[in-house]
Amino acid sequence: VAALTSGRVEAFSDGVIAIAATLLVLELHVPGAGTDIWAAIGHQLPSLAAYVVSFGTILIFWVNHHALFGSVARVDRTLLFLNGLLLLAISFISFPTAVLGGALEHGAYARSAAALYGAALGFAALCFSALWFYLHRHPELLADQAKASTGGAVRRALLGPALYGASALVALLNAPAALAVDAVVALYFTLPPRHLRR
Amino acid sequence: VAALTSGRVEAFSDGVIAIAATLLVLELHVPGAGTDIWAAIGHQLPSLAAYVVSFGTILIFWVNHHALFGSVARVDRTLLFLNGLLLLAISFISFPTAVLGGALEHGAYARSAAALYGAALGFAALCFSALWFYLHRHPELLADQAKASTGGAVRRALLGPALYGASALVALLNAPAALAVDAVVALYFTLPPRHLRR
Amino acid sequence: VAALTSGRVEAFSDGVIAIAATLLVLELHVPGAGTDIWAAIGHQLPSLAAYVVSFGTILIFWVNHHALFGSVARVDRTLLFLNGLLLLAISFISFPTAVLGGALEHGAYARSAAALYGAALGFAALCFSALWFYLHRHPELLADQAKASTGGAVRRALLGPALYGASALVALLNAPAALAVDAVVALYFTLPPRHLRR
Amino acid sequence: VAALTSGRVEAFSDGVIAIAATLLVLELHVPGAGTDIWAAIGHQLPSLAAYVVSFGTILIFWVNHHALFGSVARVDRTLLFLNGLLLLAISFISFPTAVLGGALEHGAYARSAAALYGAALGFAALCFSALWFYLHRHPELLADQAKASTGGAVRRALLGPALYGASALVALLNAPAALAVDAVVALYFTLPPRHLRR
């Protein structure tokens, strides 16, 4: 792509990710007229929990997306396409978040909803892994100082779909436990990659 | 426009396009309390398909919009006005997307909805062609290295309205086939322009 | 404001303005299941007209906002506050737009809605005039080459609230005519300021 | 975080904050067909007041957020995490705003809603204080010229949660008075920090 620099792709991606995170709040339901507000919020606690986990997860995707593009020197069409798939997956998260919140509140189909939620996060994590894998196979797109560490980055990224897959399995047994697993996965990915720690 | 550089117009356009893509998810319906989630999602598959096609189409408009402004050295009022029309057309896409998804789900007026959808995408593609045509006629706005290739860019851009027009005709016969055509058109425009291929 | 440069204020303002324009589409109503789509769209033509006028108006505010900040060398707290008021007014426009579209469709209270719409646009134009007036009185905030032309800019900007005020008066007689006046005002402000024409 | 510069974090934060402010308008209710528009707006005045206070508050968070990151030379993971918490709190504000507007309109549970609103703003202010406190304790992240003034910045920032806490207490007595307090707090934070005044 002539002149489609990594900085430009990043800026556009930042826009999509920022909007995806901020739109999540629209899925919370404002209690109707004359409803006891504390009771309504208490009833919505599962939706609030799903909201917080999704917001945090999207934020952490942003941080790691930035680290990935910090390693990129040149963008080609395939990278752009894979990045577009990741943006689709991230901007989709508000849907399973709302489904999960509603199902946990009403107690019906909560395990299905938690499995859907884990699968949606896992799909986003898989797109992210695919980006690293593609860069690993195409070192000519990388900045020089990043060429040595892509193998580790792929292995680390693949933990994402694996852990979210596990959370989807946990969901078949217990929905809140699966959401807790998703929260822990997000926290895990706040850690810097091992080769940047000391 | 004093000091309204192409970089600034691009940044604003990127914002509108990123938001237009991300808002699409708001048109998906969260299943009501006590609904079987897999059945509800199965029922919504046409809306999901339309969502994916629209997201991809908007993303590809973004890539090609960037290539266009990469050729621009100077912005005048007419270019700004044509670009505004394109942004209007792109930000409108979520409406026919939601109409098409709903009509495919409910089986009524699906062909009308697919024709509307093709027409809306075709209008956006026409605005895009108009931008290239205007630049072709006003080479003084172009960067030097871009002056030789605008003729090819106009011809390529005009494929857009032609193909979407064809999809609107297909829609009169079969709505899902028209959506498939729209998806193929998007994939076609992920290819780089011929003069940049080898 | 230490280090709050005009570039930064502009970038933030661009974000708010881009979002305000793109959100307008959410106020269009997707026809319910089994509705004749062309009839539904025909019925919504007034909403579509209001949508197009508002989108164009917001875009033109953006262009002129950019020209204004292109003249600014230094930002102070009052300028920031006036700019915030303008952003509030612009992001509010989707509300009277939806009210006007609905009222024109249903034929009740259309003149009230058109007056509200004109008043809302007039308020935004007034905030814009206030920005130019404040800069006119505080030339120390201006770039050198902009110091001579602020008097003309104030006079030109004041046309905005005057014309929108007139449209609100027209609204008391005829709602569609008032919307047409608002469209003409937007077109007028696409013209460059006189001192930049030849 | 390798290469996650303060400029980049700021740009992303600006995006979230701009969207959060602009989305507020979606919580206003467009009057239904055939409703007297002025009566409907008169009835919605409390929602409009809450909208204006929230928009102003978010704008002022933006100004002060910018001043904070203007002091930062280097970003670490903890700062990123605290900033993410602040963005979550800011993007959440539209929910208590809508709750408060609805409750003031309908006259039921208005004091609960105003307490919730004050608590939500107070939480955002607390996140903001935590950012300054963390920087105060980690001067190695600061720009040189900012190292002397973080103590004052922490004390000033802590006024935020204190004042919003007071507004939540006022809310238990009178809801409109609490909203007025919140408006005054926003106005107070438009003043520059004392060490920048003369």
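Note that the chains take the letters A, B, C and D in the order they are written out, and that residue 1 is the start of every chain.
Simple rule for what comes next: a contact is a pair of C-beta atoms (placed from the backbone, for glycine too) under 8 Å apart; a residue touches a chain by one contact, two chains touch by 3 or more.
Just so it is clear, the structure is predicted and the values come from calculations on it, not from any experiment.
When chain A is fitted to chain D on its Cα atoms, the angle of the rotation, on a 0 to 180 scale and to the nearest 5, is 90 degrees.
Of all the chains, the one whose CA centre sits at the greatest distance from that of chain A is C.
With centres defined as mean CA coordinates, chain C is found 26 Å away from chain B.
Separation between the centroids of chain B and chain D, computed from CA atoms only, is 36 Å.
Residue positions of chain D touching 2 or more other chains, listed in rising order: 11, 15, 19, 23, 26. Taken together, the touching pairs link the chains into one ring where each has two partners. Two chains count as a pair here when they touch; such pairs are A-B, A-D, B-C, C-D. Looking at the complex, you find that chain C touches chain D at residues 1-4, 8, 11-12, 15-16, 19-20, 23, 26-27, 77, 80-81, 84, 87-88, 91-92, 94-95, 98-99, 102-103, 105-106, 108-109, 112-113, 116.
Those residues of chain C that touch chain B in the complex are listed here as 11, 14-15, 17-19, 21-26, 28, 30-38, 41, 52, 55-56, 59, 62-63, 66-67, 70, 190-192, 196.
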